[in-house]
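Here come two complexes built around chain A, the first alongside chain B, the second alongside chain C.
Moving on to the complex of A and B:
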């Protein structure tokens, strides 16, 4: 289908403000009489606050007020608290001081005397599973998102049954199985049995999660760093302790979230609580170190996977166990996602999966770009290489034979997909990369350097349904696309708004995107997470625009004669198909809508929409032609995103350092909505993947629970000089049947495909050394090259 | 904890000559703090781990900057930025080892602000020490890194003495390999200290990394003409290719004649609290042919005496390989030796 806007490049409206520095993030706001807040955070990984003496601090000049755990709502344990008297990790906030400036607030913090009772703590999940092992929380050690804490201990026999280098397979929290797994292993040509570790890296959001708040007429105005907009209004309101209708969220720009700002988070509410208590606007600027404590991190994995292959490379059975390091909160179900991803991406005929998420006294965890799916990619892709090598099958062939397709199913429920073209993505990438020639370069020596060729794949679900679209046409003829999705930085808020222009036949210049501020009358939309926006928001903006279009056609029929079906839209007009000179401009139609009232200008609306959408429609009523509808379009199967990557590296056998010479990333995301946006995602995800697999540092001291990485230079996300100067991109561009323009999301697997391709390339350069550990860093490579033992224990969580 | 990110107040002095700076230092004694580029100091201040009463900013003292040719080599003002050193035509053409090392420090932004004096004077980067723990170096009575559970991948192979921190500087190793001397002024006198003696280990003084004491100002660095236009080799291995401290680096100056290494100085940072000069390697190599056999022999001797900790034994082969490459001096590995 030929589109006017879909599939075309354009300049999203917020680009200029971002590159010129005019964009205002939360900490850029100022108000008369405002106060600044500083946090006092726990120096201990697990403790009880016995006493707080803040008398001297509160007497200091310029110090205005204090908040402690008693002053803010308590969240159900093990959820992250706003403030706590029972800190569960180093960096857990205990109290906050508001003062006229940050220097004064910092001086006051130093005058506060806290009496702590230190408690035993645990960093390594397996140590908590030992009989008698320490529980991170008072009431247990196994936490699952939004669920009560459990206590699960494995038996001494579970540990004794295996060596220290193998994962014991004690009682899981969750498990499933489909097919005849044991039969698959009995008939296999090759069986791999591998124990693995994947580190849980920090999100490294560039913008620390600062917040600024004030109150007016009972409403809280909160400036917060958020990936999502309306979806997070109820969450932030709950942390503040108010009804969603009293929360005005202002979040126009988000300086990076990578999953950590997808849903509402507690610390943003602190400025609102302090503002309520003091009656003054309050700013909480989060420091870089605090962002590392509170900004969450990926869940780490300790696990084991057994894989049974047929002689042609087909994966016939898989058996996986994942122990998840969930940190000090209720984490995210990465461990479950990993099992689902294995079942879908590699299509084993039979599979068994078990998992247990274990709380640790380490900073909080949360969803990070491909939560579980990308850890799985890092585990599996080098093993696909290992299996291919043992079977004597080409590394591309083993991936193609197992690649997910339109008939593939997800996990034990065998959930179908809406469409899947992983094989096409692999072939697209292989062609761009010139796989047949490149694979011959594998292991070639050039002085001390050796060439490694890598390939990787990854997956994530990519879409949802049931949210509300809202479009208004004002009497000046402008088309307003109201989008509550948020602006996490991919520009998909803008590219998915273009479908409204497509439906209404109007020029892009005539479209105004209303976003970023609750006062702009935003509809109920899903947040910007889970790679869903391209799918979800094209659907919602489609139904909103279709509703507006129907109203335009009806108004034209009313004024110009005939029936609605006699009319169409185009060129910023609604016109008679038989005689296009018979037309109304959008401005005229909007004016008529206001005169007509009722459903045309928002005085009446569909009842099935969310309360937030209804409130926005009511606010617009009488000002515009209003199109508003809930997405009830048909949808079959799970919308998914798939990606593949190819990499060529040259690894120096004397230093363990390598250079990434070539990178090709390819996406299967249905119809491409915004080519430039997609290309940036492929490259950006590639950079993040290189960090996850090869560079990033996450170290806790086992002696005192201290995290070693509380700054960018300690955490080592990739620098400009660590990534290839050019990264080639490709895409399948086959439409998905469950979306009106054929679009699916893509963001997350673009990290996993690159991370796993790098691991694959390193192992290839080393002639088949599979570390079963992510990241792989220079000391590991040097030890492998020098034939020295590795410094870490096989199942140790942090080593770099 | 190191998350305060808010400097305490202090008196700031910006003297325009050394005498004035020395007067201020004498006046404030232990409570005075010299700031060069600020790239180390500001971290300490923002963490509120160091709380000087008076900060003396050396940035306005013109005589502390610039590169001057002298009868016996060059003299570099301590406040010359790392960017200036990596771009200076005299240093590049005569003492390319130093421009190369300076150009590999941290990131372009830090090199623009950071100075050569500051780079060689920076404090230990041990993450426990920098976290604000009460370790030996911080005046306490324990070391968190040198324990059965300490996370000590970045720590030392040599010279442990209660503290196992390493010299984190890229230019420090180059200074030793160039046989540089450090010019130190106090209100009483000026003294000139060879680079090798300038850096001190925990066995000498556990609370500082150099011989510079309260009341002293490192004013200049002198490099002797002997090593001008020698064959140089510098290589740094770090996790990242920019904005990272070395896991190990190597700096080497060689005088080669007719394929024979007539003289050599070689040092590594990242392996000891001071840049480790490898006199044993030098003795083995001096007078030998510059060939693979010599490189193997020298490289293999580099790590002799190493006492690795739990997580850093990879530094042994890494150091051996880097020394080998420095002796080899050619670029079978693609690393271009420093050009003259």
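Moving on to the complex of A and C:
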């Protein structure tokens, strides 16, 4: 289909502010009389606060007030607390001081005397599963999002049944199965039985989650770093303890989130609580070290997977067990996502999956770009190489024969997909990379250096339905697309708004995007996470614009005669199909809508929309032609995002270091809505993937539970010099049937495909050494090359 | 925009400073001053006392006295009260209202706070404000012409869609501006090396390099 806006590049309206320094992030706001807050955080991984003596601190000149756990709402355990007297990790906030400046607040913290009762703590999930192992929480050791904590211990028999280097298969929290798994293993040509570890790592958002808040007329004005907008209003309101309608969220820019700012988080509310108590505007600047404590991290995995292959490379059965390091909160179901991803990406005919998320006294975890799916990619892709090698099958052939397609199903519920073209993505990438030629270079020596060729794939669900679209046309003729989706930096808030211009036949210059501030009358939209925006928001902006279009046609028929079907929109007008000179400009039609009132100008509206949308429509009523509707468009199957990656590296056999010489990333995300934005995501995901596979891991001192990496230098997010100077991109560009323009989301698997391609390339350079461990760091490579034992035990986690 | 020589004065009216005054503040002195201010809290970040214009009852803490100095920022003389241990990033952000300069790590690891001082890129989080008296400081806000014309690096960042989230972008641009000042026609590899001190978690490196190379072609 020919589009005027979809599939074309454009200049997103927020980019100029980003390059001139005018873009305001939460820490860039000021107010007269503002106070500064400093946090006192736990020095111990598990403790109980016995007593707090703040008398000396509060007498200090310039100190205004203090907040402790008693002053803020308590969240149901094991959710992350705003402040706590029962800290569960080093860095858990205990209290906060507000003063006229930060140094004064900081000096006051030094004057506070806290009596702690240290408690036993646990860092490694398996140690918590031992009989009598330490529980991270008072009431148990197994936590799951929004569920009560459980206590699960494995038996001595479970541990004794396997060697030290194997994963015991004790009682899981969750499990499922489809097909005849045991029969698959009996008939297999090759069976792999592999124990693996994937390290957790931080999100490293460049903008620490600082917040600034003040109150006016009973409403809380909160400047917070948030990937999402209206979706996070109820959450932030709950942390502040007010109704959503009293929360004015200002979040026009978000300096990176990667999942960690996708939903509301507790610490942002602290500035609001302090402001309420002191009656003054309050700024909480989060330091980089605090961001490592409170900014979330990816869940780590310890696991085992058994894979049964037919002689042609088809995966006939899979059996997976994942133990998840969930940190000190309720985490995120990465372990579940990993099982689902295996079932969909590699399409085993039968599969069994078990998993258990174990709480640890380590900082909070949460969704990070491809939560579970990307750990799974790191586990599986090197193993696909290993199976190919054992079977004597080409590494691309084994991926193509197993590649998910339009008939594939997800997990035990066998959920269908709306469309899937992984094979096409692999072929697109292989062609761009010149796989046939490149694979001949595998293992070639150049002095101390050896070439490795890698390939990777990844997946994530990519879309949702049921949210509200809102478009208004003002009497000046401007089309306002109200979007509550948020701005995490992908420009998808803007590219998905362009469908409204497509539907209304108006020029892009005539469109104003209303966003970033609750006062701009925003509709109820899903947040910017889960790779959903391209799919979800094209649907909602489509239905909002279609509602406005119907009203334009009806108004034209009323004023110019005939029926609505006699009219169409285009060129910023609504006109008669028979005689285009018979027309109304959008400005005239908007004026008429206001005169007509009722449904035309927002005085009446559809009842099925969310309360937040209804409030916005009510606020707009009488000022514009208002188009507002809930997305009830048909949708069949799960919208998904798929990606593949190819990599050529040169590995130095003397140092264990490698350079990535070539990278090709390809995406299957339906119709491409914004090519430049998509290319940005493919490359940026690639950079993050290189970090996950080769650089980043969280490390703790096992004796004291202290984190070893609380800064960029220690945590190693990739720099310019860790990634190729140029990265090539490709895409399939086949429309999805469940979206009005054929779009699906994409963000997350673009990390996993790159991470797994790098692991594949390293193993290839080493002639088939499969570490079953992520990240692979130079000392592991050197030990492998020298045929020395590794410095870690197979299942050891977080202290290497 | 050539930096003009200025006469800097303390509150006592004594002329101060040559353009190389930066050399006088050794790292050791810097660290000692930070320790003396009590700013080495568990959380690590550097802090600021007595934020002018923010808080009317802000009294200077004992042992830390502000001194009025004139800074040359974006081609203008800006009188400002500065503490001995105050970093340039904090002066710019909290006293001069120039919030385009971002703080991300506050310890010289990420480059988000990059500004140019006499056309050379510096981490303003790790530069003492007193050390830049008499020198030309340029921030992201100082690149745009009064008629709205952008610096070629800024314009190229729009054309190539350089930023993603945008938080590291001002620092990336200032590093790029400094690079093109000394090397107007860098190779891509030279640009990559010159930009290596600026982290970007979105991974926009390729697009930033495209922007720098485009700017080099258009100037």
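As a convention for this text, the second predicted complex is superposed on the first by the 797 of 800 C-alpha atoms of A that agree within 3 Å, B and C clash if a C-alpha of one lies under 4 Å from a C-alpha of the other, contacts with A are read in each partner's own complex, and residues count from 1 in each chain.
The criterion applied here is as follows: a residue touches a chain if its C-beta (ideal position, glycine included) is under 8 Å from a C-beta of that chain, and two chains touch if they have at least 3 such contacts.
These numbers come from a predicted model, not from an experiment.
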item: Touched partner set for A:340, first chain B, second chain C, both or neither; value: neither
item: Which superposed partner A:11 touches (first chain B, second chain C, both, neither); value: second
item: Which of chain B and chain C A:447 touches, first, second, both or neither; value: first
item: Which superposed partner A:22 touches (first chain B, second chain C, both, neither); value: second
item: First (chain B), second (chain C), both or neither touched by A:288; value: both
item: Partner chain in contact with A:777 - chain B first, chain C second, else both or neither; value: first
item: Touching partner for A:258 - first (chain B), second (chain C), both, neither; value: second
item: Partner chain(s) touched by A:747 [first = chain B, second = chain C, both, neither]; value: neither
item: Partner chain(s) touched by A:38 [first = chain B, second = chain C, both, neither]; value: both
item: Touched chain A residues, chain B compared with chain C; value: C
item: Doubly contacted residues of chain A, that is, touched by chain B and again by chain C; value: 38, 41, 43, 102-103, 106-107, 109-110, 287-290, 712-713, 718-721
item: Chain C to chain A touching residues, read off their complex; value: 37-39, 41-45, 47-51, 53-59, 61, 64, 93-94, 97-107, 109-110, 112, 139-141, 143-144, 150, 154, 157-158, 161-170, 173, 188-189, 192-193, 195-196, 198-207, 209
item: Sites on chain A touched by chain B in the complex; value: 38, 41, 43, 90-91, 102-103, 105-107, 109-110, 287-290, 293, 446-449, 652, 654-657, 695, 697, 699-704, 706, 708, 710, 712-714, 716, 718-722, 777-780, 782-783, 785-786, 788, 791-792, 798-800
item: Interfacial residue positions of chain B with respect to chain A in the complex; value: 1-9, 48, 107, 127-128, 131, 133, 144, 147, 149-151, 153, 235, 237, 239-244, 247, 310-318, 321-322, 324-325, 331-334
item: Interfacial residue positions of chain A with respect to chain C in the complex; value: 9, 11-12, 14-25, 27-28, 30-36, 38-39, 41, 43, 61-62, 100-104, 106-107, 109-110, 203-208, 253-258, 285, 287-290, 488-491, 676-677, 680, 683-688, 711-713, 717-721, 723, 725-727
